[in-house]
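Heads up, there are several structures right after this.
Here chain A shows up in two complexes: once beside chain B, once beside chain C.
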Partner chain A sequence: MNLLRFALDNLYRRPARTALTVSAISLGIAAVVALTSIAWGFEASWQKANDARGTDLIVTRIASENTMPSPFVAEQVRPALSALPHVQQVVGLLSEMLTVSEDAPPVFVFGWAHGSYLWEHLKLKDGRWPADDGEAVLAIGSLAAEMLHKQVGDDIEIEGRLFKVAGIFESSALVENGALIMTLTQMQQITDKPGKVNILNIKLDNSATDADIETIKAQVRKTMPGFIAITSGELVQKNAVVRISKAMSNATILIAGLVGALVVFNTMLMSINERTREIGILLALGWQRRTVIKLIVGESVILTLAGGAIGILLGIAIASGLGHLELMRGKIDAVFSLPFLFAVLGLSVFLGICGGLYPAIKAARLLPSQALRQE
Partner chain B sequence: MRRVATLLLLCAFAQPGLGADAGALVETMKQARLSEGFEARMEVATIASNGRRALPFKLSVTGQVGKDRQRLRIRGISPDKVRGRYVAAERNAEGRIRAIAYDEQLPGNIEKTDPAARLFDSGLVLWDMFGAWWNWPQQSIEGSDKVGGRACTLMRSRTDDGASPVREVLSCVDGNAKLSLRTQLYDRRHTLLRTIAVKQTMRKESGALAAKKLAITEADRTVTEVEVYSGDEHYLVNADTYAPLDNGK
Partner chain C sequence: MTISSPSPQAPILSTRNLSLHFDEGQTRALDGVDIEIVEGEFVAITGPSGCGKSSLLNLIGTLDIPTSGDIHFRSRPYSALGDLSLFRRENIGFIFQSFYLLPTLSALDNVLVPTIGRSGDHEERARALLTRLGLSNRLDHFPGKLSGGERQRVAIARALINDPDLILADEPTGSLDSANAAQVLDLLDCLRREKELTIIMVTHDANVSARADRVIPMRDGKVDAEVAA
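Right after this comes the complex of A and B.
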């Protein structure tokens, strides 16, 4: 009988305890997987939205840490930005999260400059785009259309004003699919922010290099006090919600790790206490202490590995399920990367080794004569 | 030697820092309110004492707070019962508040209104929004308390002005956040009129906190929940913003 089979048999001998330990570990791992994938998904969705638009740099106020930075008057900086080398377009964006239906959670409402490059990446599924800057119509994402039960030609009331749905579009970014888009001028009117934007999107020409981007950033910092030029990735990193969700997932990893290690530690300690005579016999038969350590650590690693594998599947199911809840639709786009899932499995093995090491050493230090005397 | 003894006596009998601390706290609160222009859009829901919930409505509050003059304009956003309805008010250096009401649909039809009246059948009162009590001369620190787990200093503000609808205000102020976490307003008979409690806060650009969610509990146990869902700390006040108020002078 090899060591692995022997370890498995030991775990089978106490099926209830093994199942409970695996369940506890799998719940912890599931929480880690679900929270981390949601945090990453949130970050990725915003980044995807910015990248899909083809924005090279974003200019915003320095203090901005909210999902959408605080508004400022675009003309304060737009002329100077347009004059910078390699700058092709400087396009304003104004956005708010608003309740547009009593039956649906708040949605993102974007105001984009009419005719700008921001619209180019969207695929029109039905209807048309706003004809001009002054037309009070909306283009709505396919997910928003589904959530709000709206079709082309329907009315949507936003901040007390009625807008007709002119078109339904599809975007590669979930955050845009769940959003309503109108022209920037319309958005500025309904939010009472004439001339204001949350961010200015900068599109550079094809000849712009990374060094040029750094030069533009430095120039903005130097010549436009109170403003900052950053890449979409940096903007997302600064976002308070992204930072909070990442901190929460890190805290969950820490707590789940500690609890997991303690659960394994407790289980293995109980197991070796019950098997003192058995371990004594094995040592008396000539088993080396190293082999006993391998056996006990092996058992705990099997427990955590099984818990980890089940936890990963459970975490994926939880995160995917949450994304389908009415309240969360259009807001959660969990990202499950293979390296992360393998890292979680690695964490499970690490927990098994940590939790099983002390009980294993304790078992290996037993004197056969004393162990055999134990009832 | 005599000077040292006098100083020791003064120290022993003085109430350390009471007047000075109150003054500093009042000044902090007055400074925190100063704004060249702000806008806050909020959803307001009123729950009657029998638990009946009225249809929530949305408002926009635009304001300008200077040392000598404060102006506020409230605009109903939705639904129909408040849409296009405006209330504007001004508080002058003497502390007098003048308020008018008008409707977008009826231009030129401007009426005087009572600043101490409830707004749109809710617990919101224009008078409270001016925070007039921070300018009253009688201010004292009454101790400390905790609101929602946060420590705050109890400030009592009093006035003898017979025209004031509120004679006494007890605020629990978080000095670091520059925010009153709980404000209790009393009339001349010391009857509690309403309590304004901050339920959730948000950070402003300056780092100070502002109320995101408020609950206003009136004497008859009617509760008005207010949630600020959007705003602008640098609202551009233009010539039209307070035109009806200026024209009505």
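Right after this comes the complex of A and C.
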């Protein structure tokens, strides 16, 4: 007979209350895990796309806080950027989220400069690439093909114009797999943004060092007012949606933590009030006060740890499930980081200690003779 | 904090002007009690309901704090003990009228409850105690499946598991029929000799007090001097 078995027995004696408490905590933890994994996944899938493309630096409007930076005329900075040391290619990108089918959720549509390095990492599965800037054709990701039920040779209407599917490709980045890609020129035409891009992607030669990247950033800051050169990671950090989803996940952690601690606090307070006589018996039988504290805090931590473990599984299920919703497909790739999940377990233990400590001290402070008189 | 026993005949416990008041002195559960208990003695405390018997036992067992006066255990005052719960664990075994067993634990686990949080394996000793009390075939029974006499014997084993020197029993036969009461008394008497225990027992039962070495009668929170004389 040890303290752990005794604590488990006490919890088992009140199955309904134990189950309710564990459920409440697991829901809170599930919300934390799901939202955080999605927030990180959102960040990571954009980062992944940029990394897969091999982009070293991105130039955008400095003050733009849009999900996709606001468009600008590429030619005002492109020649100067191309002239900087180590710069191999400066490639325009124009992007928009558009509805292209009545019965499918909106998809990302990218315009990429024809012949640029951006296309190189995509694997063609079927058909061919757009032949030139004049051709009204699309390359579509395999996930987009599946969602829109399109094959090579089919037509897709975008903003009132018909595009033929020339090829279907596979990308290691989820956002690209769910996207439609046309040449930059075509994209500028259908979105009425001639000559404009959201970002300029810069690819450097192999000899460029981190110091060279810093030099280019400084050059842009100095010589191109209104523009900024940043890495893809920094661009993602700057993204308003990423920032909002992170703020939401932080708020959820705070709220779920507070609610979890209160739930277990309430449960343990109820529990020791019901068990006053029993605690009196334990003290009369020679239990030390610290053993009583260990018992009550232990029960509390068992509740939150069980809630935490179930909540983590539930949160993973929710986040993965959301990623498979039609609306979310191809946009979110939840990231489940092991250190984060362990941190959540740690948070659960912490909640158990916080919520259980006061009831435990209250129980341990009982005068045994008074506790024994309780009914 | 085991306070070792000196020669027999020395007092194991004495109280001096012991008082316990409630409701700001409105209720005087104990009002100046002086008693002395000798090592190995079996003392019965008797008296009408509400005269302060349980209060006295609770104070001796450190379950309550006196309003005034002090208790000495082997000539050390309680007020100097510091950690009362440690003293209680090392020296005192409690037995109650309504057993106070935990209903979801087996007889064996109930006996082990006082050892929870202590190091070491106490299970063998618990089995041996239960066997000594004639319960070797009841180890895995839950209290609900035991007779009153069996429950009280489990409680006695539980009181002995930490090897106390002083047993405090508050009407231990009060819930038992006379046959079971007699059996429990016989066992306590045997165990007292085997383990050199001192027993202080609150009782209403004349049969019980007849077996005690000495009877301390009480009335209105005091030792009833007239009857005691």
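In this section, the second predicted complex is superposed on the first by the 375 of 375 C-alpha atoms of A that agree within 3 Å, B and C clash if a C-alpha of one lies under 4 Å from a C-alpha of the other, contacts with A are read in each partner's own complex, and residues count from 1 in each chain.
To be clear about the criterion, a contact is a pair of C-beta atoms (placed from the backbone, for glycine too) under 8 Å apart; a residue touches a chain by one contact, two chains touch by 3 or more.
Please read these numbers as outputs of a predicted model, since none were measured by experiment.
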{"item": "Fit or clash - chain C, chain B, common chain A", "value": "fit"}
{"item": "Touched partner set for A:T252, first chain B, second chain C, both or neither", "value": "neither"}
{"item": "Contacts of A:K294 with chain B and chain C, given as first, second, both or neither", "value": "second"}
{"item": "Partner chain(s) touched by A:S70 [first = chain B, second = chain C, both, neither]", "value": "first"}
{"item": "Partner chain(s) touched by A:D9 [first = chain B, second = chain C, both, neither]", "value": "second"}
{"item": "First (chain B), second (chain C), both or neither touched by A:E96", "value": "first"}
{"item": "Touching partner for A:E159 - first (chain B), second (chain C), both, neither", "value": "first"}
{"item": "Residue contacts with chain A in the superposition, chain B compared against chain C", "value": "C"}
{"item": "Touched partner set for A:P194, first chain B, second chain C, both or neither", "value": "first"}
{"item": "Smallest separation of CA atoms, chain C relative to chain B, angstrom", "value": "58"}
{"item": "Shared chain A surface residues [contacts with chain B and with chain C]", "value": "none"}
{"item": "Interface residues, chain A side, partner chain B - complex", "value": "61, 63, 70-73, 96-99, 106, 157, 159-160, 191-196"}
{"item": "Residue numbers on chain C that touch chain A, as the complex places them", "value": "55, 58, 61-65, 85-86, 88-90, 92, 94, 100, 102, 104-105, 109, 112-117, 123, 158-159, 162"}
{"item": "In the complex with chain C, residue positions of chain A that touch it", "value": "1-3, 6, 9, 12-13, 277-278, 280-291, 294, 367-370, 372"}
{"item": "Chain B residues within the chain A interface of the complex", "value": "39, 41, 43, 58, 60, 62, 76-78, 83-84, 205, 229-230, 232-236, 238"}
